[in-house]
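In the two assemblies presented below, chain A is common to both, partnered first by chain B and then by chain C.
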Partner chain A sequence: MKQKLAKVYLILVFIILYAPIIFLIVYSFSQGETMTNYHGFTWRHYQTLFSDSRMLAIVANTLLVALLSSLIATLIGTLGALSINRTTKRVTRESLLTLNNVLMVSPDVIIGASFLIFFTMLKIPLGFGSVLMSHIAFEIPIVVLMVLPRLREMSSSMLDAAQDLGATTRQLLSQVIIPFISPGIFAGFFMALTYSLDDFAVTFFVTGNGFSTLSVEIYSRARQGINLEINALSGVMFLFSLLLVGGYYWIQQASRKRKHRKREVAS
Partner chain B sequence: MTRRKTWLYFIPYGLWLALFVIAPVALIIYQSFFDLGHHFTISNYSTYFQSATYLKMTLNSVWYAFLITLFTGLISYPTAYFLHQLKHRQFWLLLVILPTWINILLKAYAFIGIFSQAGLANQFLTFIGIGPQQILFTNASFIFVATYIQIPFMILPIFNALDDLNPAFVNASRDLGASNWQTFRRVIFPLTLPGVKAGVQAVFIPSLSLFMLTRLIGGNKVITLGTAIEEHFLTTMNWGMGSTIGVVLIIAMIIVMTLTGDQRPKGGTPR
Partner chain C sequence: MKRLVSLIIGLLAICGLLAYSSSQLERSSGSTGDKVLNLYNWGDYIDPNLLTKFQKETGYHVNVETFDSNEAMYTKINQGGTHYDLAVPSEYMVAKMKRAHLLQPLDKSRLTGWHNFDPQFLNQSFDRGNRYSMPYFWGTLGIIYNDKFVKASQVQHWQDLWSPKFRDQIMLIDSARDIMGMALVTQHQSMNTTDPQKLLAAEKKLNRLAPNVKAIVADEIKMYMAQDEAAIAVDWSGEAAEMLANNHHLHYVVPSEGSNLWFDNLVIPKTAQHYNAIYAFLNFMSKPANAAQNAAYIGYATPNAKAKALLPKSVRDDRQFYPTQATIDHLQVYRDLSPAKVELYNDRYLEFKMHH
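This part shows the complex of A and B:
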């Protein structure tokens, strides 16, 4: 009985979580012009979407910013995690972590507004560059937070062993540390990617006039009312997210399996 | 590893800390002391604390954020709890996370359709005999959509806390004769409280600053601190006042962080 109640509750939550998304996608195939009363199947809105060169350019921009910023943020964040992990003084480590988390907990508007002041003062033109820099900036802390736990799990005896066997700093890093923390690095990269693709507020502040990302574009179109082209866009994006999540899950499972196998060999 | 080499690795991260963490916070505080004519003044603060409009807006914003956090928590805790008992829980957790990968603007946009005059929600209300209502552009719709968006961010930390919970404690409690409810109240809930606190942090602060939802769903009826900041920065171009509200928001954030304890936000990924 209790089990059943729990199941019903979970099903309800999942329905609520997914209904809006399914609703959006269903109407992307409707012949009507609004999201009321389904009017029969059509690919028309997808055709409009794929011939909308402005939208396609914005999609390309968004993906470029997301990939580029995540790569750079992963690099800087991993280096940051490595150096935080090497600090021996507790005070230094704690204050570094606090500073690291400032952007994690700051509201988007504060990040956006303060970056806008920052770029304006330095006379950095608003556009691709400012958006890219902002994305890198707010993605770094999540990478650090994903990598640090893996670094902590690493036993120092393993590092000592490597050093005793004559490994140089570079070898230690590339042959021992990086392979061990790579699941954390991957997780950090994916989270950074999510943050970038999902961001609206920060981009909205620092984007200026010429440059736009998907979120900003959807915002301005949604303010004008319903347009089923946006529904078609959500269909495409949902498929894309599914692929990303699937890829992420697969990587996680693969690394878990590898770990199990290693453990079996060891025992 | 030699000391000097490790410092080299620190340079990019250190630069980031200086330029994108410390400098912006300093700048927003600095900017809050300038009025429209670029004079150094504390008039922004005196205006803010003397104006009934600003104070009411702030209280309102906090109240809405509180409601959103409360509803999110009430829905998320049981969800995380039941999810954690499932067999393929990592998979189900992934399904909870999946909607957060859909752009937040698209989700808001979906609700514009669902809540519209002839939309799904009104069709349902007509069907059960209540008749169509104005749903979009009300405070309730704002809270509903905000809660919807925040749920996964609350489920995750609670789920992680449940995962960290040593089942031996639960078994011990049962062996000592505690009922299910007692076990939950005395053992499980206190031990997963850090997760709840992390969730509150992850939900409350963003809820203070959601500005596009107030526009798209709330129809500008709800003005949050975030809306006010956006308005001052991008519409009226009064950066001084906008920064002042920003400083207030930062202070609100620090208060929330202190109240919810030293909980570092746990990242939102399944392990």
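This part shows the complex of A and C:
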């Protein structure tokens, strides 16, 4: 009985989480112009979407900024976490962490406004570069927070053992530490990716000179009511993320099988 | 480690691919090179076909960037770092930008379409002689009603809203200037008055409206009205046009005793660089055929008299969005008030909201 209830609850939660997305996608096939009534099936909104080269360029820009910024932020953030973890002085470590957390909790609007002032003061033109830099900046603290717990879990005896067996510092990093914390690195990367994809407040301030991202564009269109082209776009993006998650799962499964086989061969 | 490195290389490859395709896409729409115009506009506030047509006729490519509020646009232009050639502020923002020296005067000798505009929409208080601005669209403040619950004859004037029949049935747009203005009009006062006594009287008047007010809301008002949540709403004509499109039981009335007249305007900010493109675009947009096409796409009222003549009869004779001359004569444009006076309006309005 209890198990059944738990299952029902789980299903209910998933329905609530996914219903709005499904609703949005269903309406992307509606012949009408708004989301008030469903008017029969059509591919029209997808056609307008794929012939809207400005929109497609914005999608490409958004993905580019998201991937590149989270990649760079992951590199910097991981290195940062490593060095925070290595600091033995407690006060220094705590204050470093606090400084990191302040960036996490400060409102996006403030960060965005300060970036705008910063960039214009340094005469850095607003556009791709300014958006990329500000995204990297607000993603680094997230990566640090995701990687640090993994580092804490790592037992120092493992490192000692590796050193006893003659591992150089480089080998220690690449063959012991990085493999161990890689789940944290991946989590940090994906968190950074999603933060970048849906950030509006910071991005709004630092876009300019023809460069724009999806969230800014969609938000500005809302004055006239969201048209169904946006629904079509959401449908495509949803499919894209499904494929991404599916691909990630497939890669993991494949590598697990490979490891399994190796172990069998070894024994 | 090897896996990580190969992942990083893979991601970089994807990034390269994305950068290439985005530059290809931008080139295919022609946004590189010198022949460009940077337009800073409200989202989806121009017919995209006109932009293609403009490029075909003149060779200038229009880069559109969008904003979602006058204040956001002001901040971006004021801060610098951008190169917008044209922006589309509402009337009070034109006055504010003018005072902040963010605008450049229009060179009238380079404008060819000026005679197309209806003179009654020019030379307004926010920009005397249209030294800085060219009207883009105009609209009003009015009453939206649902004919399932309310008869047309019951809501032709502001005073009708105070009728005890409409208990708990009215939604108001959350805007101090507009709601206070509505109360002032019913008392035959100017919507720009700064007399504290008159404003106090307007607040008292609004307090008596409170039993009829179901909610004071922002953009959601469109959704509520489309879903028959309330019988009556007070909102702007632009919003009303959208509600009407979603629910054919809704109608819009501009009370003949007076209301607000608002404008969105094309202006040249200080950041402009491409002057030939700017004047080509202003002239292109003031051509009757183009202005009419844009008005048909957006659904707002055009200040271009010759363009209005080109619109279908059902549109240009629609009294909801092109009110009669007698009504237009009673419309008032908001004057840009000093911060202290705006505060006065906000305080009285807040008192009313608390009372409500």
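As a convention for this text, the second predicted complex is superposed on the first by the 221 of 267 C-alpha atoms of A that agree within 3 Å, B and C clash if a C-alpha of one lies under 4 Å from a C-alpha of the other, contacts with A are read in each partner's own complex, and residues count from 1 in each chain.
The rule is simple: a contact is a pair of C-beta atoms (placed from the backbone, for glycine too) under 8 Å apart; a residue touches a chain by one contact, two chains touch by 3 or more.
Quantities reported herein were computed from a predicted structural model and do not represent experimental measurements.
K.L.:
Just from the overlay, do chain B and chain C fit on chain A, or is there a clash?
P.N.:
clash
K.L.:
Taking the superposition as given, does A:219 touch the first partner, chain B, the second, chain C, both, or neither?
P.N.:
Both: A:219 reaches chain B and chain C.
K.L.:
State whether A:202 touches chain B only (first), chain C only (second), both chains, or neither.
P.N.:
After superposing on A, A:202 lies clear of both chain B and chain C.
K.L.:
Could you say whether A:192 touches chain B, chain C, both of them, or neither, answering first, second, both or neither?
P.N.:
A:192 contacts neither chain B nor chain C.
K.L.:
Taking the superposition as given, does A:147 touch the first partner, chain B, the second, chain C, both, or neither?
P.N.:
neither
K.L.:
Quick check for you: in the superposed arrangement, does A:116 touch first (chain B), second (chain C), both or neither?
P.N.:
Both partners.
K.L.:
Have a look and say if chain B or chain C is in touch with more residues of chain A.
P.N.:
Higher number of touched chain A residues: B.
K.L.:
Does chain B (first) or chain C (second) touch A:49, or do both, or does neither?
P.N.:
Neither: A:49 stays clear of chain B and chain C.
K.L.:
Once the shared chain is lined up, is A:14 touching chain B (first), chain C (second), both, or neither of them?
P.N.:
first
K.L.:
Of the residues on chain A, which ones does chain B touch that chain C also touches?
P.N.:
Of chain A, residues 34, 36, 116-117, 204-205, 219, 222-223, 225 contact chain B in one complex and chain C in the other.
K.L.:
Flag every residue of chain A that touches chain B in the complex, lowest number first.
P.N.:
Chain A residues touching chain B: 6-7, 9-10, 13-14, 16-18, 20-21, 23-24, 27, 34-37, 75-77, 79-80, 82-83, 86, 96-97, 99-118, 121, 133, 136-137, 140, 142, 144-146, 169, 172, 187, 190-191, 194, 197-198, 200-201, 204-205, 214-215, 218-219, 222-223, 225-226, 230, 233-234, 237-238, 241-242, 244-245, 249, 252.
K.L.:
Which residues of chain B touch chain A in the complex?
P.N.:
Touch residues, chain B against chain A: 1-2, 5-7, 9-10, 12-13, 16-17, 19-25, 27-28, 31, 75, 78-79, 82-83, 85-86, 91-92, 94-114, 116, 118-120, 123, 148, 151-152, 201, 205-206, 208-209, 211-212, 215-216, 225-226, 229-230, 233-234, 239, 242-243, 246, 249-250, 253, 257, 264-265, 267-270.
K.L.:
Looking at the complex, which residues from chain C come into contact with chain A?
P.N.:
Contacts found on chain C: 1, 3-4, 8, 11-12, 14-15, 18-19, 21-22, 25-26, 28-29, 31, 36, 38, 42-45, 48, 63-68, 72, 75-76, 79-83, 219, 222, 226-227, 242, 245-247, 298.
K.L.:
Hey, which residues of chain A end up touching chain C in the complex?
P.N.:
33-34, 36, 52-54, 56-57, 60-61, 63-64, 67-68, 71, 116-117, 119-120, 123-126, 174-175, 178-179, 182, 185, 204-205, 207-210, 212, 216-217, 219-225, 227, 255
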